[in-house]
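Lettered A, B, C and D in written order, each chain numbered from 1.
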């Protein structure tokens, strides 16, 4: 499926200020960039770095005093595998690829070490597999209120499990923490999200599972707000700390980001009910 | 019902050390002290204070260097009201006696302010009354593991709701925090607990409800370990901070306390299934 | 010294809503109410309760749907003792009046139990006495930024000691927690505060010390924003949970409170540099 | 300088249990492995993975029921650069290599986001450079008690800054969190530590600074317990989560690890007082 997407970010700084952005979409087998363009106003030099272990594309721009705007547009082909959820199992610790160990560790906003007993008591008796991760998402959806402004940049899964409110970032963090607590590698994904209303940068998560086409990352959205087969990945990481769309090194004023994404041709197709595998 | 009970506490200090104890049972209409005796080894002067708003009996003893032992024994008649749980409701905020407001406030180990959404989401839809508080206890019993050593003196309800393990103190704190979050006054109770096995100082909680005999405090034990009509109260307070059985002001060595309680005559009677009202 | 003071509070509710207020000033030997009046618009019945152990005066009013305004005015004579700070010492645990034990316990927003080592390492080597408590206030003043909006109703001393920002409530909580951690009884005080700019309800704390006129409560303001001899007490408590100026039991809209206080005659007198003892 | 070092780890499991170990030393320009050997009792297959971005060497071993012992020995040449601390500065955000951004992010045990104000208030006015990081270490050394058993696997920098006690792991976490809060990339290092008494696995941290030989990682030990030029690195990571020496996937019994390290020839040389740069 083909998507046209983009974002427009506006800032004002008073002193020269370096910014790191992560707004460009990633490139990997299931996600092909057909075209893209990045426009800075005023224009200026860009430093780029693509993180080898994640494919995240980071930009650094040193912004001069005054107004600054970054506009990014892309056309992307998305071809995730749509698979039968019932055929997808978990992976025993003895079989986990060693390079995914980092996605089992607790991280700043996903304190899986403090949530182990909770995770085991609540989900430990369910049969392992895709449906168990889906049950975690259902539990989050049923037990946490989605309320804009109810959390902030310091809010973590440990807070959310008790306070029971948050936004997509918090829902994803809690899903990740609970998966890791059960021994399921999980990672945070920032994305342009088709059908998310209102449009915004979205956060979901992926769990490493073993399905009919082998081991790979399956995407989950505990907010149930976006189409799982319409998530165009920007970055993956251990948690939100790693994939902020904008990190300014200094005081800035900003406007809310504008974000958009349109599906081509099949915008009225029903959302998939299959499991969505994004990457091996 | 008549109980013989007591405790024996042993300490060793190296410098003169003041101790505050709260081990003597309280006296109130439903709890009559038939006889009691307190023995200090070595003997020495005792300062006493009974807190007017709670009836808690505090002792201060200045212990000289060396070994110190306190032994307390009492015979107590317990006559709580046993009432039909279905006839017991909650009390509207407009009708709450103003003097119980303190038992609605969050306290050190019962952060009801941080657990409001959780409490409302989990128990808010249940019909108000004794059975709702009982449902809170059932939830705690079903979702928190009773594990000796899994918590410490710093553990609070906010921790327990996530970590899902604790001892009687933690079970009581969580019950109190959830009640207060729902607008139900609740207080911590330390007690000699009939049939608790192994015997020890026990912690339960009381909620203020409105039953067939008027407004009063009803006792709840979310550990389900003791007979609710066999709890001889030592102290009540906002949480464990207020009713420590021993507070030494200095470094001490100690042995585990010995605690005992025997019911007279009817030690084989079944535990009551009625609601137990201790105090108006 | 005589003060004219008052507050005006405005709310709007959609359903009948009980409110508890604590805005009327306390009466005790060093604080005499010359005159006062309370006006409700619309008028209605008031329930009153004065807490025996604190003297706090609580009002309950059941507010009908619509706009509601409470206006309180009083003229108060304040005669605290002004004493030489150097002559004021701490009180050994063996000598503490037993009825102040509650002000040594950790409370919701003053987790003295978690701050013991910090308190001892930072202030443990200072000579005990008024000046040690003053040093705690200086440390808070020097190390915590006073920033409106940087904390909220859930913020506690444990947070403030690390986050290093807050408002008067947080400064008082931290002072209390550090005193208790050192064995000094301390309590939270809400007050009308002369010379506080801009005027608002203020929060300070009192520590129990032993001076030339015997044991008593000495007031401290770590914000250094108000005149210590111009604090007209509304309530005292273990922490802010106990002396909220307004507790509505339901959803309300409100305007920021208006608060005022004027000193009569000597409004240009210098602030006292003596220790201020309010109550024995 | 040449070191002979090793460790011996003993476990007992009741069911087949996968273990991941990170006890083998890393290989990089300043650290050459002359010889090493790994011995398993009973012997069995080993899976290996070296993490590209860190050089950490992970082993996975599937342990059969019964006793299991791993013994590792190595001879290592260590040639860190010893440089003049005064010539070493910090790196402006605009100049930071983009691949070290991950070491600026908050992590599970290093919540730099929650410690920003504290870090800036305490260390923000110091001149940037090696000596500022050294001042952080001095502050930790002066304000945190090194007490075995005073912290556990869940303890984080946010806890330590308030509780003021911990072990090498906690000292390192706090140093890392404070550096990151000031914009200095910092990473956790597990090591065999020459002259550490008693011998054990040690934890220190490295900060990215700019010295006479260019940008690189400088090692800091806020415990002041080991020789900074005698730290043989096992692993680096964002915090302890990433470089646990042993991660069993299941219940195990274990003995305390035996760890040893000897310097060859110059065991009586004084500890270096220069800055120690380990890696570019």
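Just so it is clear, a residue touches a chain if its C-beta (ideal position, glycine included) is under 8 Å from a C-beta of that chain, and two chains touch if they have at least 3 such contacts.
Here's who's who by UniProt: A, B, C, D = Transglutaminase family protein.
Keep in mind that this is a model prediction, so the values were computed, not measured.
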From the listed B-C, A-B or A-D, the one duplicating C-D with over half its contact pairs the same is A-B
Centre distance in Å when chain B and chain C are each reduced to the mean of their C-alpha atoms: 30
In angstrom, rounded to a whole number, how far apart do the mean CA points of chain A and chain C lie? 46
Which chain C residues reach two or more other chains? 114
Which of the chains are touching one another, listed as pairs? A-B, A-D, B-C, C-D
For the complex, give me every residue of chain A touching chain D. 16, 18, 20, 47, 49, 51-53, 58, 60, 62, 92-94, 98-99, 101-102, 105-108, 110-111, 113-114, 153-154, 183, 238, 241-242, 249-250
Of all residues in chain A, those that touch chain B in their complex: 114-115, 117-118, 121-122, 143, 145, 158, 161-165
